[in-house]
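What follows is chain A paired twice: with chain B in the first complex and chain C in the second.
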Partner chain A sequence: MHGRVKVKSTAQQEEEKRKEREKKLKVYLAARDACFSKRKEGIWDEGALQVTQQLLSSNPDFGTLWNYRRETLMHLETVRDEDEVQKIYEAELSFLESCLKVNPKSYGSWHHRGWVSNRLPRPDWARELGLCDRCLSLDDRNFHCWDYRRVVVKMSGVPVDQELAFTDRLIGSNFSNYSSWHYRSTLLPLLHPESPEEPAPPPRRASSSPPPSPQSRSHRVCEEQLLKEYELVQNAFFTDPNDQSAWFYYRWLLGRAEREEIISCMFVSREEERVSVAFSRAVNSAGLLLVLDGQPQRVEWRSVHPRFKHSPVWICDLAPGTISDVTNEHNLTVHWMEKHTHRDCALYTGRTESWCRDSATDQELFRSDLSVEKTSVLQSELQSCNQLRELEPLNKWCLLTIILLMRALDPLGYEKETLAHFQTLEVSRAKTRPLDAEQEVGSLTSSFSFFLFSPSRQEVDSMRSAYYGDLCSKFMIENTILKMEYAEVRVFSISDKSLTTLCHLDQLLLVTHINLSSNQLHRLPPQFAMLQCLEVLEANNNSIENLEGVYHLPKLEEVLLKNNKISTLADLEPLASCPKLKRLDLRGNPVTQVANVEAELTALLPSVVDLLL
Partner chain B sequence: QGTQVKDVIIKPEAPSTLQLDKHADYIAEYTLSEYLRMSGIYWGLTVMDLMGQLPRMNRQEIIDFIKACQHECGGLSASIGHDPHLLYTLSAVQILCLYDNVDALDVDKVVEYIKGLQQENGSFAGDKWGEIDTRFSFCAVATLALLGKMDSINVDKAVEFVLSCMNFDGGFGCRPGSESHAGQIYCCSGFLSLTGQLHQVNADLLGWWLCERQLPSGGLNGRPEKLPDVCYSWWVLASLKIIGRIHWIDKAKLRSFILACQDEETGGFADRPGDMVDPFHTLFGIAGLSLLGDEQIKPVNPVLCMPEDVLQRRDLQPDLLS
Partner chain C sequence: MAEEESQFEEFEQIDFLGDRHVRFFQRTLQVLPERYASLETTRLTIIFFALSGLDVLDALDVIDRNTMIEWIYSLQVLPTEDQANLSRCGFRGSSHIGIPYSTKGPGVLHPYDSGHVAMTYTGLCSLLILGDDLSRVNKQACLAGLRALQLEDGSFYAVPEGSENDIRFIYCAASICYILDDWSGMDIQKAIEYIRGSLSYDSGFGQGAGRESHGGWTYCAIASLCLMGRLEEALSQRELDRIRRWCIMRQQSGFHGRPNKPVDTCYSFWVGATLELLDVFQYTNFDKNRRFILSTQDRLVGGFAKWPDSHPDPLHAYLGLKVHPALNITQRAFQHVQQLQQTWRGSTGSCSRHLCTFAISK
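Now for the complex of A and B:
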């Protein structure tokens, strides 16, 4: 079904082809009927092997026939002696090899080979490994063969370092060796685990979360080996800067260590009698326990938005009167039982609120603490990539990798360069608004003139400009969080940064003021409801049409949404859930043109006294 | 004068010679693909329904065919006389949902069949012969979700197995240790959506890998250094939609690639421009265009590759990341 070119041929050629196809079809139908009728009669002999053989060579995906063959083989096992069975199965392996020559990508053939190898009285794993070597030398991206190789390696105990050397050979001699790099990523953690003396993890119970896959975390490889891998990858992309696989692998090497699983922040408010908790990852509320002054509390945990059954932020309301008296001191503890961890928070007399948190810096959220060796390696990598960039200024892999290296080394220090590189990747994304139909003509003209007068700007990877926009937004948000912590304030200000998306909202639980003005946001997503302390929301001059996340924010008083794309009253419904909302600026939004808008809004949002339309 | 003769007018471009070879090709290909007939019917019917043309197909004949394909063990085969398998069990249930006639099957038996294929490590075999693949994890939960019987398997263990197939690049393969591939990624994303575990996906990392499938032609490939193929407009695009990153693809360029895969002579879509068409690529071309927002096509559900209105009828709205 794949890769069959439609060819026009002469009438005579067509006629010949037709005759051939008719003949083929007749043969097929006869053979198929023979197989089915034999099987119906319960015949499991060499004859059965013969009729199925004919069909399977050219139709290896005909699963039922492999089944019939297996039934026959299993039956023959019971009526022949061990030597005969060994011969029968070896003939089977021969037959399979011829099938695989014709179609090396049939699930049916490979599965059957694995099944046969498993049943062989005396399997020859060296031969199987040899088959894999030959098959991979013809096509080193054949994943069926790689998967079979992994089975052979496991069954015959081939040492990991031997397989690692195999990948070395393939990578050294071939381009397009993504499969080899992938295999490496699975072998390294086995051969060079992060800490061999690591204590055994606590026994996992049925309810606990699944362990992270060994392949997905580069930090599970010890640092010494990781640093060697940088050298290997660098050789690959210097030899061929367009070999994608090396760049993907490199990104994995640069990946940050897995976060410790903790309760990252706890916030208590006397006014709402509410406890808000942020976790290091999305969790389920089962297994959370709140203890107040030594007494476990019966509370109902809820996530910030009904959409989320798993969330990094959970809220619970205490019984009225429990902590409202400001003359009382209280001690609260949240237990995350599954992870055997907890967090305490003291609510002092005279204080209306209290919190306890680990900073993003301490958690190494956006930047790992690097050893001297690693810093030095990464710095020299950055130097090399910059050299490569001079030779290949249009290579987007190189540019993106430079950005990732700068993030790893010094996110704040390299902020300016990072932004400049993103601009190069995205062409003319910066400082432009998303287009609607009327603007498109205008922008075509302006981008034409842009090319006329800016000959140095060239298209690097415009197809993925939306990806780069979101990635840059993520990095700018990370930097803003770091700066906010450094300044020890609860104000998050990130205006005029071409933000296309919001993320890390779970880190903004304590923020009281947020300024997102003059960006390219389309919506405030449900996750925005994690900003439980928010009092002032400034988001003028965006393209916001959706306010789902402005939902049950108990302290929210002011919402500024001038010059956005809010078009219907329904879009504003979430705001009705914010009881303290006093001031709302909707000037420059299409909704202000809706009939009777002022009266409708007064009814929808009775707490709002200052409404700007 | 006299009565008008009832007749048609033959357009000049109409076929003027007997295209026997084309018919023979059609019949031959049809017969030779008998081993997957149930899926072939699902592809054909789904694309017809997406185009609002389902009534043109023979409902009763198809339902009778499906009934004849249910085996004693509860599983369904690709065709009459073939052996049951999870792949065709899913296709059959999907077809019956299109026709709102799920009770044509012994549902309890189907559930029993699927349950019996779950292994100790949570994985699913495709049939009693034991091939393990994350595709089958998807088939199992998709079938059970459509039947409203997800609680009959060990979901936690099933999730554990699928997550153990997550790779260094954020993608998924057939089995633990297998290379990432768009088809498997679709199955695993769909699986995690149906089991409410999408938060376990690294959406930013996987989304990047997926958007890098787009080639200069605008088409999508299935993994690095491979040719584009219209069916990846589905596997890749649906995966991106499930993880909330569909905007990372250049939609206009993809649309023009898909449209170029049409065959204006015969109808249908091929894997790439100039190749031979088939129902498989026709479905995924149309479904891809639907995901891209073409208003001439019914909205398609990215998890189950079925019209959204059919799923609304089953009260099934799988999670998507936003």
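Now for the complex of A and C:
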């Protein structure tokens, strides 16, 4: 059905074709009926093989017939001697070759060949590999053939280094061979594992956490081999920088194992008598235990928003009076049973709140996505990519990889260059707001080379500009988190950065003041409710129309939303769940034109005394 | 001369020829060209493409629903009197085996008659599309037939006699369980392990462990996890972000299924729907995608083809239209199944977040 090209033909040719088809149809029907009556009568002989052969040659996807054939063959195994069986199966392999010539992508044919190879008394694996080579030379992306080759390799015990050499040859003759790079990615970790003796994986229990991924530790490659691979893949992308294969493979080589799973932050508030906990990944609440002064507590854990059964932040309320007395000191511990880890937090006398966390810097949170390589290796990779960029300034893969490497080496130090590269990737982003003088100079110098090559601003990958916009937003948020930590404050300020989306909100549990003004945000999503300590929310001059995430924020007093797109009273309902809200600025929003808006809002938000419309 | 004229016509307008597509699907339901003969064994899937296509085009009235419903029920492999064939129940692809036509039980025992997981899936969807209430589906038999198909490693065979096994059939199984509102048809945990094992180094999904990433298998993986309601449990945020990145890079104008392959209409669905399920469809360039799809439109006979200047076929004709991303049916048909489930449960249906929040208007 796939991919038949239209061919015009004359009336006479049409008529000839029609006659031939009719003849074929008669033959087909006769054969099919003969087949089924034979099978019904339980006849499993060479005649059966002949009859099914006729049909399968023209329709290799008739699954039932392959099954009948397999039954016949299995029966013949019991009534013929080994040499005869060998001959029968070899004939079968020849037959399959002719089927595969007609349709090299038939599931039925490949599956049957695998079955036959498994049962052949004296298999000829070299022949099978030869078949695969021929098939791949015609279409090196035929995954049926690749899959079959893997099966043959496994069954015949071809050593991994031989297969690796095979991929060397294929890649050497054609760097664009994505399937070969893929195969290499599965072979390399087997041949050159990261640690020679991998500890046995812990016994699997029924748990809520995902089983280890293919990119986890046990599949990583040892460093010495990695360096050789870098060289190989650099040859590939220097030869053809527009070919995705090498870049994706390179990205994998630079990739990183999942980080340790921990309780990243714990916050205790006397006033709300509440404990808020942030985890390194989304979890469900089963298996969380709170211990207060040595006593396990019966508490109900809830996520920040009813939408989330799975969340990186969980909250529980203590019984009234438990920790409210400021003259008492308390020790709290949260246990994450499944991971055998816990976090302690001491609430001191005279203090109304307390917290305990690992900093993002310590966790190497945002040197994300790259393995723990020596800095010098990363530097040299960055140098190579920059060399390529001089030759190919508009190549998106190159730019993305450079961004990735810069973030791994020094996210804050390379911030300006990163922004400039994003602008090259998606010029439409730059059009939405004027660059300020400082940034303009920065971007001009780093983008100078492409001004040389193209008189007008050219779009490198404008098709994915929305994606790059969000990706850049993510990096800017990461940098702001780092800056916040260095300054040791709980104020998160990221205004005028063309933010299109919010992320890492689970890292902002302790933030008291947030400034998102003058960006391109459309909503404050439910995850925003993770900002449990928030007192002041500034988000003027955005395009916000949805406030779902401003939900049950116990300390929130001020919300500034001037010049946004809030249009109905319903949009403001979440705010009613914030008991301390005093000041609300809605100037410049369509909702201010709604009839009777002031009275409605006073009724909806009784705690607000300072309402600006 | 004629060629020049038709090229000029194409230049003038790339518009959507709804009526032609309706007629294309109508013809699909009546007579197919000879080259489709090899698909006889999977006829029900072709019917599904046509029916769902007509549904998207709001043109189901051109067919006789009742006759169609009866024909689909005739494909149900029902339990025999003694229930000996329970593990072989489900729906078959067509009447090619030669079982006498019947829409009611008990089933007839035939050594080579059994359900096929993709036929059961498309059969149930087709019935939903036609507005049937599934009351004549023997749910317990279907689920028993489904259980018999799952292997130790979590993947599924297509038929109980055995076949290749991979992630495609996990998707079919998950859809069946979702529609019948009964997950006893499969071991979810094992299926999740198989899916995770199929995640490749570049964060696309292969057909199974160690196999090459592909847009179709990535769809099967993500859609299955969404149907099971386990997307965020089974995959970490980082993994999901990488998967999103792999999928986004599939757009060239339309979409291709694998790097360095040409774009193909059907991947606008497989990859597009995956991106929608992952909440990032807005990252795609809608305009370029639409233009590519319309360029594969056959202006004469209707339907869409895999590439421009190729023959249209029902699969590409259907996947060129827009449907619910997880179950591959229209929103109307999806709402119908939700309503049915409510009556079965006598309470509000509880579908996963990803499925509830889709309000696809046609």
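Everything that follows uses one rule, which is that the second predicted complex is superposed on the first by the 551 of 613 C-alpha atoms of A that agree within 3 Å, B and C clash if a C-alpha of one lies under 4 Å from a C-alpha of the other, contacts with A are read in each partner's own complex, and residues count from 1 in each chain.
Going forward, contacts are C-beta pairs under 8 Å (C-beta built on N, C-alpha and C of every residue); 3 or more make two chains touch, one makes a residue touch a chain.
Owing to the predicted nature of the structure, the values given are computational and were not obtained by experimental measurement.
Once the two complexes are overlaid through chain A, chain B and chain C clash, as defined at the top of the document. When the shared chain is aligned, chain B and chain C each come close enough to touch A:His182. Once chain A of one complex is fitted onto chain A of the other, the partner contacts of A:Arg351 are absent, as it touches neither chain B nor chain C. When the two complexes are overlaid on their common chain A, residue A:Tyr467 makes contact with chain B and with chain C alike.
By the touch criterion stated above, A:Arg169 is placed in contact with neither chain B nor chain C.
Applying the stated contact rule after C-alpha superposition, one finds that A:Glu14 touches chain B and leaves chain C untouched.
Looking at the shared chain after the overlay, A:Lys580 reaches neither chain B nor chain C.
When the shared chain is aligned, chain B and chain C each come close enough to touch A:Ser245.
Contacts of A:Lys23 after superposition: neither chain B nor chain C is touched. Applying the stated contact rule after C-alpha superposition, one finds that A:His310 touches each of chain B and chain C. Common to the chain B-facing and chain C-facing surfaces of chain A are residues 1-6, 21, 25, 28, 32, 36, 59, 61-64, 67, 107, 111, 141, 143, 146-147, 150, 176, 178-179, 182, 185-186, 206, 210-211, 213, 215, 244-245, 248-249, 252, 281-282, 310, 462-464, 466-467, 470.
Taken together, the chain A residues at the contact with chain B in this complex read 1-6, 14-15, 17-18, 21-22, 24-25, 28-29, 32, 36, 59, 61-64, 66-67, 70, 107, 111, 115, 141, 143, 146-147, 150, 175-176, 178-179, 182-183, 185-186, 206-207, 210-213, 215-216, 218, 244-245, 248-249, 252, 281-282, 309-310, 462-464, 466-467, 470-471, 474, 525-526. Residues of chain A that touch chain C in their complex: 1-6, 21, 25, 28, 32, 36, 39-40, 58-64, 67-68, 107, 110-111, 141, 143, 146-147, 150, 176, 178-179, 182, 185-186, 206, 208, 210-211, 213-215, 243-245, 248-249, 251-252, 255, 258, 281-282, 284, 307, 310, 368-369, 462-464, 466-467, 470.
Remark: chain B residues 20-21, 24-25, 27-28, 31-32, 34-36, 77-78, 81-83, 85, 127, 129-131, 133, 156, 159-160, 163-170, 173-181, 196-197, 199-200, 202, 204, 207-209, 211-212, 214, 216, 223-227, 229, 245, 247-250, 253, 263, 270-272, 274-276, 278, 280-281, 322 touch chain A in the complex.
Here chain C touches chain A in the complex through residues 34-42, 96-98, 111-112, 116, 158-159, 161-164, 189, 192-193, 196-197, 199-202, 207, 209-214, 232-239, 246, 248-249, 251, 258-261, 264, 280, 282-285, 288, 305-307, 309-311, 313-315, 353, going by the rule given at the top.
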